[in-house]
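The first chain written gets the first letter, and so on, giving A, B, C, D and E; residue counts start at 1 in each chain.
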Amino acid sequence: EGERFVFVSHAPDSDSWWNTVKNGLKNAEKDLGVKVEYRNPSTGDIAEMARIVEQAAASNPTGIITTVADYGVLEAAVKGAVAKGIPVITVNSGTAEESKKLGALMHIGQPEYDAGKGAGERAKAAGVARFLCVNEYITNNASVQRCQGYADGLGVPLGDHMLDSGTDPIEAYNKVKAYLTAHPDTDGILTLGPTSADPTIKLLRDTGSSGNYKSFITFDLDSGISTAIKDGIIESAIDQQPYLQGYLPVVLLTEYARYGVIPANNVNTGPGFITKANIGLVERLAGEYR
Amino acid sequence: MPADNRPLIEVHNLVKHFGPVVALAGVSLTVRAGEVHCLLGDNGAGKSTLIKTLSGVYQPTTGDFAVDGEAVTFSSPRQALDSGVATVYQDLAMIPLLSITRNFFMGREPVRKFGPLAFMDQKFADRVARDEMKKIGIDIRDPQQAVGTLSGGERQCVAIARAVYFGAKVLILDEPTSALGVAQTSMVLKYVRQVRQRGLGVIFITHNVRHAYAVGDSFTVLNRGRTMGTFRRSEIQLDELQTMMAGDKELQELSDELGGTV
Amino acid sequence: MADSENMPGAMKTFRKERDERLMRQSSLRRIISRPELGAFAGVLLVFVFFGITAGNTGMFAADGILNWTTVSAQLTIIAVGAALLMVGGEFDLSVGSMIGFAGMMISIPMVYFGWSAAASTLFAFVGALTVGFLNGWIVMRTRLPSFIVTLATLYILRGFTIALSILFTNRTIVSGVKEVAEGSVVPWLFSGVIGTGLFGWFADMGTIGRLANGEPVVRGIPMVIVWALGLAAVAHVVLTRMRFGNWIFAAGGDANAARNVGVPVAMVKISLFMFTAFCATVYAAAQVFEFGSAASDRGLLKEFEAIIAAVIGGCLLTGGYGSIVGACFGALIFGVVQMGILFTGVPNDWFRVFLGTMLLIAVLFNNVIRRRVTGER
Amino acid sequence: MADSENMPGAMKTFRKERDERLMRQSSLRRIISRPELGAFAGVLLVFVFFGITAGNTGMFAADGILNWTTVSAQLTIIAVGAALLMVGGEFDLSVGSMIGFAGMMISIPMVYFGWSAAASTLFAFVGALTVGFLNGWIVMRTRLPSFIVTLATLYILRGFTIALSILFTNRTIVSGVKEVAEGSVVPWLFSGVIGTGLFGWFADMGTIGRLANGEPVVRGIPMVIVWALGLAAVAHVVLTRMRFGNWIFAAGGDANAARNVGVPVAMVKISLFMFTAFCATVYAAAQVFEFGSAASDRGLLKEFEAIIAAVIGGCLLTGGYGSIVGACFGALIFGVVQMGILFTGVPNDWFRVFLGTMLLIAVLFNNVIRRRVTGER
Amino acid sequence: MPADNRPLIEVHNLVKHFGPVVALAGVSLTVRAGEVHCLLGDNGAGKSTLIKTLSGVYQPTTGDFAVDGEAVTFSSPRQALDSGVATVYQDLAMIPLLSITRNFFMGREPVRKFGPLAFMDQKFADRVARDEMKKIGIDIRDPQQAVGTLSGGERQCVAIARAVYFGAKVLILDEPTSALGVAQTSMVLKYVRQVRQRGLGVIFITHNVRHAYAVGDSFTVLNRGRTMGTFRRSEIQLDELQTMMAGDKELQELSDELGGTV
């Protein structure tokens, strides 16, 4: 009872996707009677994240859960924590090998690049030739990886298909509109989360042009996205079950701390594609637990 | 001098400290209606501090003063203006980037009300500014010209004209002629006389004893934050005043040596 | 501040004839030395540039125009507030955070407490004005630079936005506003369109095209443009025609001098901080009702765009000089450049490089023009 | 600028005795009216606060101390540059972008062109100084406010950072620096540690703990701390003891007056812009060699943290007044607050609210102390 | 007056425009070694513009001038200082937040070199600043005091002392006594005489004809950007000068009416 864990993510404050992970943490706190502190670098700067991991280690918690946003940057900090004897589980981004090299107990999640690639392959199957990736957070590496993966899945170079949309919805709306006006042969769209998806959905609704696009895939869910899936504007949403990425590591670390038990394998929480077929299940909890 | 020469400003034992600095160590003063009261004294004697206290910029540390017989404590310059005390500050209190008219009426804009909305009456303001400046001897080309583009002397004239226009009872002038040419200085002195004739009280600060003697009815000499004495014009001669101001004997000699020109 | 040796202009004394010391008349000069002139030249430059590079990409078709005017109008709303405050000699760095915070104040009561759209919007305005008041009050009371005070507010408000939304809703995006506000006039007020009839007629006449679904490509003029024009007009009149405007100039030009001649400087500056907060709330309301949601990252870095627009428009960072019309031109330049780059088809990775370069060129051009015509060295 | 009526102080004329118009002697006052005093009081306040709230969380254990000193030292590096520039009367908003850009200039040549660590680091410094020079040159040539010029640089540099990294790597991170730099002394210079022997001895003595693998929890003093102290010392000496320091004060206090008495203002200000760029590059190099990679989001918003540190440290935003020691205290306050909040275990959602509030309190406290002791109203 | 009275500054037909404003419309002037040359004229006559051109702040539109016989074009105030021309500007050119010493030596700091490093010689600077201020009659309490905390008159004395200390050949004073008390003014005038005796040339600008006549060897009156004439002391009387300055007849009368005190 009363164990303290620190969860360190690489996401900037503005990234709403992590909210679902946080809700997973909260439920785990409640269910297990432990304390979990969620930490992130406010601008998404991974160098700053490394300092937070160091700080977490210095505060002697029962365990640390961290993403592996960039192996090189986090290597020293995470290894330092492991050397101090603090158990570490890696989540979300990063690969299983990287996790192992860091000395973490296990990895829970799935890399951004692969998720993007999966989306790209889906788009290719839908016959997309020229795409637009709406990137609301271009300075963030994870965002660019998603676009890059999509491009590779589709088998075309990323080139000028990535749009630096910014986080302001009216600007994003108008930028997407301008881009699509200037590149009328675009037939596939990828958005990286609700921030870029919502304005894009509104644009397609306003102009009634969703028929022009063979595939519109987005990452993550919120109520706007789930309605759009039902309405057939969005083909699918990539879901890596963030709730589990928050809940599971806390449970496993608690059990490890209390009884020394831990699964021997990594856990893949995604990628899952939510489509019209399975949206019903997800809809009500979108943005909160899904 | 008009018969009504009731005291307009009475200062009694005013003290003002700035942190550890004692700027005024107990100053008393009486200014009567229809009288020009000259305030003389060395650099740093506390003249500006005194008049800034009278015009509500500073609050006195101890001591108080009365305007027109009523004891007042001004907590802002606006209150002083409202009780009819208008001041030309040594640093003029002008906004260089604004036009002559806007500076002239700053804080007391003539307005035309549309319901609760107070629009500036620009035409009226321009006319008044131009007229008042003409009275002081400056024919401004354009009342919309920025004050920053005027020469130092012209700027001083704007400040003086403004104070005269709004000075209902007392007009305070802090070294108004220091940057003025001969012609402009004459105008200002003439002006001070006119204002006196209208029955206002005037406090006039200068380092030029001749200027003071030309218009003053009484003289107060400050030294190092204290009153060295107050004299009526009839009680003192120009060279006596000069001697009081110049201080040390050595300096007095020097002044003589230079032909009494200072 | 400026001294007479470094200012353009001339004077004359004691003479009534034509002043021989002035080489030519100044009525033209007076027009062209207005603070907004340079910004206007910048606008022309930008339009010429995009006219050439993106003339046939749809940037100047009806929906293309709507596109960049909407973005510019949105920016204008906060640029007007920033410009007025800057003329008054202060900064507000908390504008961006205020946008996010106000959005939450509108949507959380509606979606989670069941308030009406009108009530919660009113609540948001009152809340924002209170924060604006506090900003101003702290600046005036402590005489700390507003830069540092509002920077603290920036952190605090952004923090509250994140924390409160999670506290009340467990999410950082609060959506569902549209459904709740259904039937109220408030959403229309902030995100509706006007003139649908007119634009329908345009479409009938073939002046503007129609979409696949039969609607004209532009349905009407978005309210955000109306708000922008309205706020700009009010601010312009206040600044140039009203007593309060004179006080703003005075407070910004030299607060001490202004105080000495009886201008209530503290009141003026606090009001300006409140007006800035008001503008930010209008911005937030427009977004919330348009997209039906509030998010904790709304308005990020908008404070800078507002300041950039004001500065391009000729406001001095040191206060006491500037114009609302100029700030609107500044917002237009920023908006057009931002959207125009997309129409030209420059790879988006280079977006910021171009934006920065265009801004620099616009400001430099602005400056050169102003100097040229006013004869400043 | 300030006029004599609004400044503390006293004067005497023509007399040699003890001046009766001064109530007490001023030697104490002179010490406590130094610009850094308030910041020092702020540091004390912050330590007392965290001593109480986070005393037993490991914050003041060896590795906890290392943690917040490293963060503070990093910030100090850029705060020193910002403070010097601010005393010189200018701003640089491009510091953050410069950190990202310099990182790219170090790592791209190393990883993709096969340059040596020394060559590419040198290249980055030369490049950064060039950008700094351009910033300064444009500001001086056009007499535009540095705020707006460096804002353009902010966009341009960040744009280049994104575009170049995507161009070369298809990602926004350039990694693999560590492998290439293997064996060179340069990585040690920027990210090594010194005093390992000493800390080993500490561990032997039991002053500090040991890790499971036998190493002491703190291996030594990171070079970033050495750089911070070194840069601060140099800047302090230059500012207070050297002719160039007098010119910095003069150029910042009143550039016109300074020019009139023969101070080469343009040269001084351009040098300061270059120094700021230099500091940003040191910061970047320390990060690149510590983490082995450069990323396009490095340094985001760091310009503000640098300015905040300088202002907390007593630098005037209007220029002409400030101290390096103060800026270092400011950086320490910011770093300690930032990391200290994490140690106290405040929920992350409230992190920014606390950060903002603590900053405001530190600045207010700073101000109150300064006023109290100097007797300003 | 010393025998060597070669011309130190020769100005020939200097013209200066600011955009549309013609500040100087062709001014000529000669200042000789060991001579005090007074520059008189109305507000806005162009006096400050003229001396700012001579000290390198402005570049002339047309026309040129020679220092010590050599034609020069100063592109910065530094060059003027280097050729021995030191100036007290009307706005003083002081940094209020800096100490007296630092202001005194601003731009010409005394240094001790350690290799390429130029450290300020603070002790020497403090001593010189204190000594020079004492010479002009101000006993400063602490050379480290900020100039912003001095009274206007004291500040003016710092500027004057600085110019005298660095003025090798020519000293230019733009209204140095405008804010000074009687005692300080006497000191400054005495000072000007001393400087002349050392063989320097002095240009002295003032609106006070008496001050000018007390120290001047020759007088140039400017009006609206043109030279109205140059007179040697022997050629002109105090009241003639006064008349030239006061301009219109009307004003002259006013001045008389006020008792010739202006």
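Please note the rule applied: a residue touches a chain if its C-beta (ideal position, glycine included) is under 8 Å from a C-beta of that chain, and two chains touch if they have at least 3 such contacts.
Since the structure is predicted, the reported quantities are computational estimates derived from the model, not experimental observations.
*Asks:* Could you name all chains that are in contact with chain C and with chain E at the same time?
*Replies:* Touching chain C as well as chain E, we find B, D.
*Asks:* State the chain with the largest centre-to-centre distance from chain D, centres being mean CA positions.
*Replies:* Result for max centroid distance from chain D is chain B.
*Asks:* Please work out the Cα centroid separation of chain A and chain D, and write it as a whole number of Å.
*Replies:* Inter-chain centre distance comes to 34 Å.
*Asks:* With centres defined as the mean C-alpha position, give me the chain B-chain E separation in Å.
*Replies:* The answer is 28 Å.
*Asks:* Calculate how many whole Å lie between the centre of chain A and the centre of chain B, each centre taken as the average of the chain's C-alpha atoms.
*Replies:* That gives a centre separation of 72 Å.
*Asks:* Between chain D and chain E, what is the gap in Å from one C-alpha centre to the other?
*Replies:* Distance between chain centres: 43 Å.
*Asks:* Multi-chain contacts only, two chains or more: what residues does chain D have there?
*Replies:* Residues 3, 8-14, 26, 158, 162, 166, 256, 347, 351-352 of chain D each touch two or more of the other chains.
*Asks:* Any chance you could list the residues of chain A touching two or more other chains?
*Replies:* 13, 164
*Asks:* Taking each residue of chain E in turn, which ones touch at least two of the other chains?
*Replies:* 42-44, 91, 151-152, 154, 183-184, 247-248
*Asks:* So in the complex, the part of chain A that touches chain D is made up of which residues?
*Replies:* So the residues of chain A in touch with chain D come to 4, 13, 35, 37-40, 42-47, 50-52, 54-60, 70-73, 75-76, 83-85, 138-141, 144-145, 148, 158, 164.
*Asks:* Using the touch definition up top, name the residues of chain A that touch chain C in the complex.
*Replies:* 13-16, 19, 22-23, 159-160, 162-164, 167-171, 174-175, 177-179, 181-183, 194-195, 198-199, 202, 207-209, 211, 222-224, 287-288
*Asks:* For chain C, which residues count as touching chain A in their complex?
*Replies:* 54, 57-59, 63-64, 67-68, 70-71, 74, 158, 162, 166, 170-173, 175-176, 211-213, 215, 217, 224, 286-287, 290-293, 295-300, 302, 338-339, 342-349, 351-352
*Asks:* Per the contact definition, I'd like the list of chain B residues that touch chain E in the complex.
*Replies:* So the residues of chain B in touch with chain E come to 41-45, 90, 151-154, 175, 178-187, 189-190, 207-211, 213-215, 242, 245-248, 251, 254-255, 258-259, 261-262.
*Asks:* Along chain E, where are the residues that touch chain D in the complex?
*Replies:* It comes out as residues 55, 57, 76-78, 81-82, 87, 89, 91-98, 102, 105-109, 111, 117-120, 122, 137-142, 144-146, 148-152, 154-155, 162, 183-184.
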